[in-house]
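So, here's a batch of structures to check.
Two complexes, one shared chain (chain A), two partners (chain B, chain C).
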Partner chain A sequence: MTTKCWDTRARNRAERLARAASFTAGRIVSSEHIVALLEAVIEPGDRVCIEGNNQKQADFLARSLVKTDPARVRELHLVQSVLALPEHIDLIERGQVSLIDFSFSGPQANRLARLVESGKITIGAIHTYLELFARYFVDLTPRVALIAAQAADRDGNLYTGPNTEDTPAIVEATAFKGGIVIAQVNEIVDKLPRVDIPADWVNFVIQAPTPHYIEPLFTRDPALITEIQVLMGMIAIKGLYAEYGITRLNHGIGFDTAAIELLLPTYAADLGLKGKICTHWALNPHPTLIPAIEAGFVESVHSFGSEVGMERYTAARPDIFFVGQDGSMRSNRAFCQAAGHYACDLFIGSTLQIDLQGNSSTATKGRIAGFGGAPNMGADARGRRHASPAWLRAGREGRGNIAMPRGQKLVVQIVETFREHMQPTFVERLDAWDLAATANMELPPVMIYGEDLTHIITEEGIANLLMCTTPQEREQAIRGVAGYTPVGMARDLRMVANLRDRGIIRRPEDLGIRKRDATRDLLAARSIKDLVHISGGLYDPPKQFRNW
Partner chain B sequence: MEQFTLTLPSSTLPQDIIHTAICGVVSSGNLEVLVEPTATRNACEIVVNTSAHGFRDIWEAVLKDFAERHSVGGLRLSINDAGATPAVVSLRLDQAFETCAA
Partner chain C sequence: MNGRRISYFEASARMRLSGLVDAGSFSEFCPPEMRQTSPHLAQLGAPQAFDDGVVVGRASLAGHAVLIAAQEGRFIGGSVGEVHGAKICGLLDKAMVERPAAVLLLVDSGGVRLHEANAGLIAISEIMRAVLQVQAAGIPVFALVGGSCGAFGGMGIVTRLCAEVVMSEQGRLGLSGPEVIETVKGVEEFDSRDRALVWRITGGKLRRALGDATRLVDDLIPAFRAAAADLIERYQTHPLTPAHLDTLLDEQARLAARSERFASARDGLEIWQAAAFADASQVPELTVEEFNLQLGEPA
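And now, the complex of A and B:
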């Protein structure tokens, strides 16, 4: 009888570490040995995570991986939330990757689509962040994780700083399942401000020649907010936030929601809504939220990541943000995604296309951009078991008076009816179908399914899809706010008038909104400089946003 | 440039409350609209100068809705457009109307 071996992964890890022993002494490795280290510890077919977050990037390790010998480092299965850097795609072009599972690829969407169409790479699936992290602990556990931190001490403990992001989830999955964790750090110090990742979860630490890159993804210049966005923001505040009493929410990344943030201390305050709406957030530290925080609108913000330039501001507002005893913020994408899914009553965001069933997608021909976190925010949490007035009201509107009381999350798309170059936002058929066909995907990449969508806001008003009783009504409610797009022009005027009489469609005038008031003067800040001033000089915007 | 004039039936706006008004600016994606009283009392005359070609159907739909939404008989609107979306056109027209009839 043969004896079953139960620690093959641990033995294999020991072999990998032994191969690296000739040029490593302890955890700290010199950057000149990085390529040799990667070739020593990575085996063909490995599942590898190159920490590529929404914001923070393990860029030095990605650049180094592209320098490895393709005969040795090959057939990799990349499992990482974001394909953001050119090197991520270079690695595929060099033929070193056979499969990718990811969440978001915005910056590389065009190159990725071309590689998929030419058959150079296979996509396992495009996930939401939370979904991919979940699979790290089930069937997509990384064998090697290449991560980024702000600093290490000489033992190998890591300090991530405010951009903790995905690091805890990646490291936990890798380190506890026989994997190897390699961290690039900006500096090695004697004593860390705090320990975000303990040293015995980390195998190697390399001081990178340059600090890791962080993308200022959530900075929206108030100077670029249009009056249409101001109008839609007024509609959202008066027609939705006030109506349902939304206190716990998540905002998307676009200018439409930035406009709402900047209307809180002005328009919403004038409506007497301070303390009644928008008190608790799952949100990155958006610079455009500064005026609302300073005006006392906001009680709490937990963040997925940080935002470049917001470090001193968040540190100085520990009552609002999650700040360590060392005095700097800690973010955590996995926890914040869970918070956005389960603990928020409303998600509002923008999209590129909405069809007649209310399905929405950011996929367009020739671009595989992925989802990020929006589908988790923008989906009813079927497992939710705690009540709130907003959630219960949405449940009553959507489910009618059924015997078992149950709520529903408010999931809102806020869009202009036309995008730039007169591209209609409302379409009969999503481009996602064509993309799925050319890229051989089992599912068209839909960001938010129509069954989860509760409201659409456009410059024409709000459509409340919860209150529609038939699929025909729902379609006409969508057409009824679709403006002068072909979908909007094909509306049934009589049905739309009926929906308006029943309050399912509400125009700005139905809400008592004067369009004359929809000017940029209503924004609490009209420039990045205003934000700096309102923050008392604590906000330090990145160079590309300094135009004075 | 494309130029056309539409005369749309609309309920009469009392002349004595009309002020001449100008709204918006001619910058990319935006437009300016000048509102003045005219002698034709039961219709609104709209002159459109636009930098974008091929959108006359949409212009007519936007302007027809505007003339139905408000009593604008007796007004002449002159629009100088630099590629504004229908959303911006409607907003500017409504703002101009609210201003001139305030």
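And now, the complex of A and C:
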């Protein structure tokens, strides 16, 4: 009788570690051995995660992987949230990758699209962050994870610093399923400020020749906020936040939402809304939130990642941010995505295109950019079972007086009717359809589905899609705030007037907002330097945002 | 409004003007409805403005009569053309008759309007002469510099002729603008795209430390108003007297010494160091209040 072997993965891990033993002593590996190490521990067909987050990048390990022998390191299946570095794509071009599953590819979207069209790579699926993390624990568990941390001690414990981001999710899935974890760190120290990842989840630590790259992705210069964005911010605050009593929320990145953040201590305070709106956030430490925090508007902020330059500020505001006993912030993308999905009553963000059903997409032809986290933020949480006044009201508006009371999340798109180069935001047909056809995708890449979208804010006012009773009304509500775009010009004047009478479309003047009041003088900060001063000198903006 | 702070830098000429003087006190000379536009721009088929980019008129400020001009930086960089210049000159001539407490020039200009060449150059020299004439008659002229175009070229010279120069940190003052210097002398001489460097060399803080500006105020219209009102009060109690030759010679000697002392300086930082700031590298970060304190001025 043959006995079934139940630990093939563990045995395989031991074999891989044995192959690496010749040039490693303990967990600390010299950076000159990195290529040999990767060739020793990676086997053909491995599922590999090169930690590429929204911000933090395991860039040294990615560069090293590109230097490996394509005859040995091949047929890889990349499973990582972001394909941000040129090296990620280089690896595909070198023929070392056969399949990719990812979430977002912003900077490499063009190159990726070309590789897909030429058949050089197959995409398994494009996920949201939370979805991909979930699959790490089901059917996309990495065999080898290449991660980035701020520091390690000599035992191999890791300190991630404020940019913890995806690291815990990746390491947990890899380390507990027979995988190998290799960490690049900026420095090796005797004692860490705190342990974010324990040493026995980590196999190898390498001090990288240069610190890992972090993108300041969430910094918006207040100097670039336009008066139209100020107007839309006023509409959001008065017509939505105040109306529904939004206390728990998530903001997308963009100048529209940055304007809202900067209007809280001024316009919203004048409306008597301090303490009544915007108290609890799932949000990265946006520099533009500093004035609202300093004005006492904000009680709590949990973050997906950190932001370059905000380290000292977040450390000095532990009542607001999640800060370790060592005094530095900790972020966690997986938990914050869950928080944004289940514990927030409102998501508001911007997009490139909205169709007549309210589907929105940032996809454009020739670019496979992916999703990131927005679809999880911008979707009704159908598993949610706790009530709040805002959620219940949205539910009543959306579902009418049906027998079973149930709430709904407020999902808002805030857009100007025309985006740059006078491209209309409102379209009959999303470019996502063309992209899906050329890239052989099963689904057109829709960021937020129309059925989840509850409101659209433009400079023309708010359309409340919850209160529309028929698809025709919904279409006219969208056309009614689409301004002078072809979609807007094709509105049915009588129906739009009727929708306005019923409060489904509300113009700025219906909300008591005078357009001429929408000036930049309402912004609590008008420049990066203002933010530095308001932070008491704690915010240290990156060089590209300084003019001093 | 709660926390509402009206930026001087971002405001239009008319917004600055109306925020600066006593409410409702302004009456405009040659208003836009007279459509005194530039004949030169018309010949070139270039866009024109009904006020030719400058607003002039009479107002009161903290109860004192003033004559006031505000250049509109958003119209061809606040440049001085024939009509534009004649309006400022006419205002200064009127001061000789009306004898206001002060003449205020809200400068926001790159200098002469190149489209109008000689007419613009002549206009600038007429303005310079008029400023000196008005001040010789005991009426102080204040230049307020805090717009996006700063005070450059001929308007930089006009600004330095004024009895007082009130600047914000955002304001810039110089003769040749950074782009001009870069074009003529090369990017090694002055990288006009290095915004931080441009401000460290031409900006309000450096000009105040050098004494080219006599006040540094926050980038707020009320802050400029407060400074102007305070200066008017001072000239009411200590009227402007024509300078003696000795005073002028002393001033020239001071400027010559300054020019020599900083001849090799490549960056505002070196001048702040010499001006005995505690930590020169921190000067750009200082608030106006902190800056003025370190400069030894009461806030």
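Throughout what follows, the second predicted complex is superposed on the first by the 548 of 548 C-alpha atoms of A that agree within 3 Å, B and C clash if a C-alpha of one lies under 4 Å from a C-alpha of the other, contacts with A are read in each partner's own complex, and residues count from 1 in each chain.
The definition used in the following text is that a residue touches a chain if its C-beta (ideal position, glycine included) is under 8 Å from a C-beta of that chain, and two chains touch if they have at least 3 such contacts.
All values derive from a computational prediction rather than experimental measurement.
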Which of chain B and chain C A:G537 touches, first, second, both or neither: second
Contacts of A:R500 with chain B and chain C, given as first, second, both or neither: neither
Touching partner for A:R312 - first (chain B), second (chain C), both, neither: neither
On chain A, the residue positions that both chain B and chain C contact, one per complex: none
Residues of chain A that touch chain C when the two form their complex: 265-266, 269-270, 295, 520-522, 524, 526, 532-533, 537, 546-548
Chain B-facing residues of chain A, complex: 226-228, 231, 416-418, 422, 458-459, 483-484, 489, 514-516, 518
Touch list for chain B against partner chain A, complex: 52, 55, 58, 61-62, 85-88, 90-91, 94-95, 98-99, 102
Chain C residues within the chain A interface of the complex: 1-7, 10, 195-196, 199-200, 284-285, 287
